[in-house]
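Chain IDs A, B, C, D, E and F follow the sequence of writing; residue 1 opens each chain.
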């Protein structure tokens, strides 16, 4: 099992990172979502894996480590908030640049964003 | 008694599995979207139904008392599944996906 | 009386003129106000002067930053006194002069302020008894000179000149700082006294060469020594009083002053001789030579200043005490005659409106009085007998003669000196002849020129008078001052010398004759020389320098662009690459990992699920350009992850993940309406390969680490939670108890994040204009049926049911999987479903549309629950619970954690709806724009 | 009195369902019975605005009968459809069948459509804007008329009786 | 007996899953993919229930119920997106 | 028991919530609330500094759970100092923003408050995961603030900033996971203790975790090669926001120093060396950036990066003595960069269309005063005498005897001189025609003055400043006290 989970983490992180390196906002969003899946599972796995040993008092004699679960819960929520923000930001960028390129590089001719940095 | 229950549970479990599989086979095998649409309805009804009844029996037997809360799952499914089917059908008709030949009647323009 | 006070006076004075200017436009009053403080300072110096003449050295000390050994120590010895007198005295005259020089419309107040600022800084330099402090004032002189040169900032020349001066001297200043710090490191103190006493220690230390170079860098840049001389001529863009004051009399002397000051500490080595005298000689010659060819009056004077500074430097470089005395003497003389010359030039400029010597001719007729003054001064500059310049020049020649440090080549020095003399005579001659005789003026802007106002000449007169006085009666005028100054410079033992006009008929005298004759000869031959000179294209240092700076700017911009290419992809790549490096370097150390550690048994289902998850992830990645498909496979991954959580006994996570899934899906669908559904491939295959590589390294690395940790054994703190969850937290679902109790603060922060995100999203969406697609991806118009009957009617009864479930999940949360967060998500999904089914308008007609308060109330409730525990003297977020027995109902638990969880619930509902509802409204705005 | 009841219990049937659901979820104890009752009253009240027109169940026993019938049909149809799915696809005769609706309560129509979708072999694809016709896609139908008749007889009439008199 | 039955049934469900995945991959149309996803969700309900029976634990029931209750929302969203483009209007 | 220590987190939080409740866009009320909270923060932080100054640690057990099981807030001199610094910076920034910039978008004041909450939390917390949470709080708020107002450039910069930091958060979680997986705890002090006795296998993983933490903190602190997002983001943000952001990079540095000081155990020397070199590179590249800048805002942003490079190099150079001057320089650079951002805003307003681009433009109304302020600010930030920058730099030069460091620091000074003299002379002297811009309002000037005045003050009382810094450094040099305070005597 540990092996499988490790593989899962690996794949999630790999594809997440790869997508984060793409040039459009959409794949970046996808990538970050995958990445956060991977990270969450990673964080989760840090407590070690147990099957049907739910950390509820009295339900099992040697229950799984509850702390990573709590951390992951927090991470999921925060991750959700961030994803939501990013998605909306992507829309904003679309609205300002008329393209979903992460650098606002423009498809529509005649429009140029006055490049902020020097 | 126990063995009987066990038999029953196993039977329902298997029924569930079989019908779910059949449904998915339909989804995989049937020629056009509209016919595929019929696959999941089986999975929802008997597929899940089987599992539900099984667990219902099982837990009632375990706890020596009626355990009906699984019924809710079925209830919700019965409420929600048709909606998704309906919406999907509308989507398909909007895209007017091709129908297998020999289909009678016309889908509506959306 | 306190020296520090004297030094500070001008600084205080700097604030005075602007104030005065505020109240009166009277320029004389203004000038007096400005002159007041230096005058006072001068007066205050009277008593100390006597003490110094009596051979004392006055100290005054004031702590500033002991831990940096930086303290406000001042000393007044001969050298300091000499310079102080120069600074204050000439300063006074300049102020007086400026009163008439500046026209009515100019901001005289600011001018005087800068001038006084400079005066104070300069005083500080010459009197400070702490090297670090000296550096402080040193830099201040550069800064104030920047302001003064840039006083006419609207002229490009002034701006460029100011920048150049600032850059060059600033660089020198930094070098000097480094040098001084090194000295401090060697000597162990910055106190001038200590440093001067430990000269041998310094000269002996390994750092000496470096120290010397750094200090000399400071000196040469300040005193415009070759090769850093180029900034000075361009500083002439400043108003003439400034040129007279800073760029001839005082500031440029700060360099040579420093040489004098540190003479005991640094001088006396071959390195010193080579560097200093070489630079001096070159400067002397080049300055004198270049001066001859200037057409600008001030340009000529500027170059002559350079050459004279070179002369002084050369003298210091000779490593002989007599030479040092001569140097000090020449400092005095040069200050007097050069200042007066600049003032004269200013007058001429002022009266004729130009400084071009090709146009200014024969002014003798128009302003004979000024002419006389100017001629005397320039005669002094040329070193004509009976004038002060002559005396110091004689000493100079003498010194060059009896310095033998170059061995066989020693003759170079006197020859060079004479040559310099020749040129200086030549340009002096030109100054006199060209300007005052040599025919008629050529179309002057102001015609006819006439004598300036009376008082404008006073400063010149005073200075010229000094020149003559010193020149005729050196012994009674300057001898004393020179003596104390020289003594201070050499640190005691003064060599035997006597100032007199007639030393008998000796070699130096001959050299003087040669110089004079040669000079005259050269001047008579000037036409030919000019012709020659004009062949050589003259390079404008300003343009060169500016060009270099510009190039530097472009170059650094280019380098910056290299990294800062504004492409997110490369930024992320850098980040990932860094991580990859970390992983590679570290994980390389790990032993080869073996798979035969005991693990949980695998089973077919798990393997197949893994396979599906992997497939989903890969599909999401591969198909990311077919966006809808990509989203579909993403939610497969989501589903599988939640099942993974179920499988490994984390039902809470599963619930959360599932509900988050749904909301995320809604979010994406909302967004996709405005985003393109598919994009063409853009990345080059190289980049794709690179990214894959990076991604792989990270993925594999993380996976390996995860595997190691999972299979390893670590004792964690979690047992505590298991033990105290029921007794201390009042709940059996440990995960939930951790969330709302043990680590409630995290959750508090987490819901805050959610709230802020919602706020931020709202802000982002406000007045965002987006064009939504009018046709679907197949290019056909959208369906008409906006609110399908079945969806609408079914979704409504679902709402109460969902709420029921939410309540259920919420209430059990503390003891069994569930809790406020999931409940909140269920509720909001049910509500969003209403939006989807029946539309924004419909819902908002039945429900308040602004969810800000809900979010706020949620977080507030959580926060107040936490604060509540203060009432019982417990820290924030201390929870409490009690079991209550009611008839019929039976025993049930009430816990503050529940209240906290309610806060979570509200926040989640509020935030989610705030996000989704406002996102949903976008299209409405769009439609409105359509209608409008 | 009855008006007060109306105000407290706008939709008794819904409240009943909610109460039952609650009991199912959290076990049959006195405390939960009470809590469930409270919720069963509160929730419909809070969601009142979302119910423009109230569907009233007039005939409860008939409804149970209806449910039984549907469940039975589901099981039967499942088997038959399963056979069709696994059998040769050539023999399938799918078709879109238009079904004239006689119900006029939205909720009833929705229920009818759902029922049709739930019973395998038929999916209700669309409802006309004027709520007069229901478009059904059947997996295998030889005689549309018969299908329509059967649906009318088995589902529509009972629904009519349940919701309207 | 029950053990084997359950693992068998699970096998069947997972098989069904794989078929769904196939449909999801090969489409051909978006509705097909959504349909496949929907079916997956439903099958996973059954799987969770079975897992509950297998482990003789009722802690996973809520997960199943949650899918049954709100799982269809995403399907609806996509369908609405296909037909109307704008899912909240 | 005293709850002062949590006030810096709660005050802005509550203020933010109230602002959220205020739905009717009453701007005066909103400004008042915001300013009130900032003032309160100022007061509280003074109280805290004074409480921390006797050298005792205050440990606040949230939920009354013992460390390491519960989360603790820890107040020592360092954290107190940083909280104070934040408050001092925040107030004028908000004053400036309240002159109208806050109306350029929604929810400005709320976001501002939550930003402060996040920053203070990050300074005070003694728990690594809690640190993560507060990082997220301050980040999400900063996203909102960075995007406050309109304009494609701003959105682009914001997008880059957000994406990079989201990846960063992922890394942070991985690092935390590893730390938990190896030490089995999250409390900083406890981690420090456990790290002493790690099994052989885990040391590598642990060091990976630490290095990843460096990366994450480096991203926040804008260290090469992770600072590329900064110039665009800061230069394009609203002045007040940019000014507040001057502290953000310092949060990263704070976390770095905190962890560095605490977890002495098996941090691989390569980590420290890497930081040292990266710091130097950052310093060098920032010089070039400042030289090449085409806008005043960008130049100032690079000056921020410069200070980061200076500091990180100083901290990682491994000279204990360098700690104090570095801290002094940290405070100085934060304040002065904040001031310069505000000033850049004023200049941009004053020049109308041209903005703060370094080209000839219309004369600035009230340019005289602005130019004076700019002159002072420039002197301070470059590190020319007699202002605080000089003192900081001299301190650093004296305590970090590394030739390359000296060279870079002095060259940085020179670059600063060149860049800013160019900028200043262009903006204030090279004028074409009459002004189209607006005269700086009194309150805006006050905001700038507030910050600028601190530089001469820090110079005048330089000794006191350095003494304080020394005191802070002193505490940092002995992590044992911290551990003792958090875990009680039982530790070790």
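Here is the rule we use: a contact is a pair of C-beta atoms (placed from the backbone, for glycine too) under 8 Å apart; a residue touches a chain by one contact, two chains touch by 3 or more.
A quick note: this is a predicted structure, and the numbers were derived from the prediction, not measured.
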| item | value |
| --- | --- |
| Topological distance between subunit A and subunit F, in contact steps | 1 |
| Cα-centroid distance, subunit B relative to subunit D, in whole angstrom | 16 |
| Subunit C-subunit D separation of Cα centroids, rounded to whole Å | 75 |
| Rounded Å distance, subunit B centre to subunit E centre (Cα mean) | 10 |
| Distance between the centres, which are taken as Cα means, of subunit E and subunit A, whole angstrom | 23 |
| Multi-partner residues of subunit B (at least 2 other chains) | 23, 25, 37, 39, 44, 69, 72, 76, 79-83, 86-87, 90, 94-95, 110 |
| For subunit C, residues contacting two or more additional chains | 557, 560, 564, 566, 568, 572, 576, 647, 651, 702, 709, 716-718, 721, 742-743, 746, 750, 753, 756-757, 760, 764, 776, 783-785, 788, 790-791, 794, 797-798, 801, 805, 816-817, 919 |
| Multi-chain contact sites of subunit D, meaning residues that touch two or more partners | 21, 25, 113-114, 124 |
| Pairs of chains satisfying the touch condition | A-C, A-E, A-F, B-C, B-D, B-E, C-D, C-E, C-F |
| Subunit C contact footprint on subunit B (complex, rising order) | 76, 79-80, 82-83, 86-87, 90, 94-95, 110 |
| Subunit A residues within the subunit C interface of the complex | 1-30, 33-34, 37-38, 40-42, 44-59, 63-67, 69-74, 76-78, 80-85, 87-92, 94-95, 100, 102-103, 115, 117-118 |
| Residue ranges of subunit C in contact with subunit B within the complex | 776, 778, 780, 783-785, 788, 790-791, 794-795, 797-798, 801 |
| Sites on subunit C touched by subunit F in the complex | 63-68, 70, 132, 135-137, 139-140, 143, 146-147, 150, 153-154, 156, 158-159, 162-163, 166-167, 170-171, 173-175, 177-178, 181, 184-185, 549, 552-561, 563-564, 566, 568, 570-572, 574-579, 582-583, 585-587, 589-591, 702, 705, 708-709, 712, 714-718, 720-721, 724, 728, 741-746, 749-750, 752-753, 755-757, 759-760, 762-764, 766, 850, 852-853, 855-857, 859-860, 863, 867, 869-870, 873-879 |
| Interface residues, subunit B side, partner subunit E - complex | 3, 6-7, 9-11, 13-14, 16-18, 20-21, 23-25, 27-28, 33, 36-37, 39-40, 43-44, 47-48, 50-52, 54-55, 58-59, 62, 69-70, 72-74, 76-77, 80-81, 83-84, 87-88, 90-92, 94-95, 97, 110 |
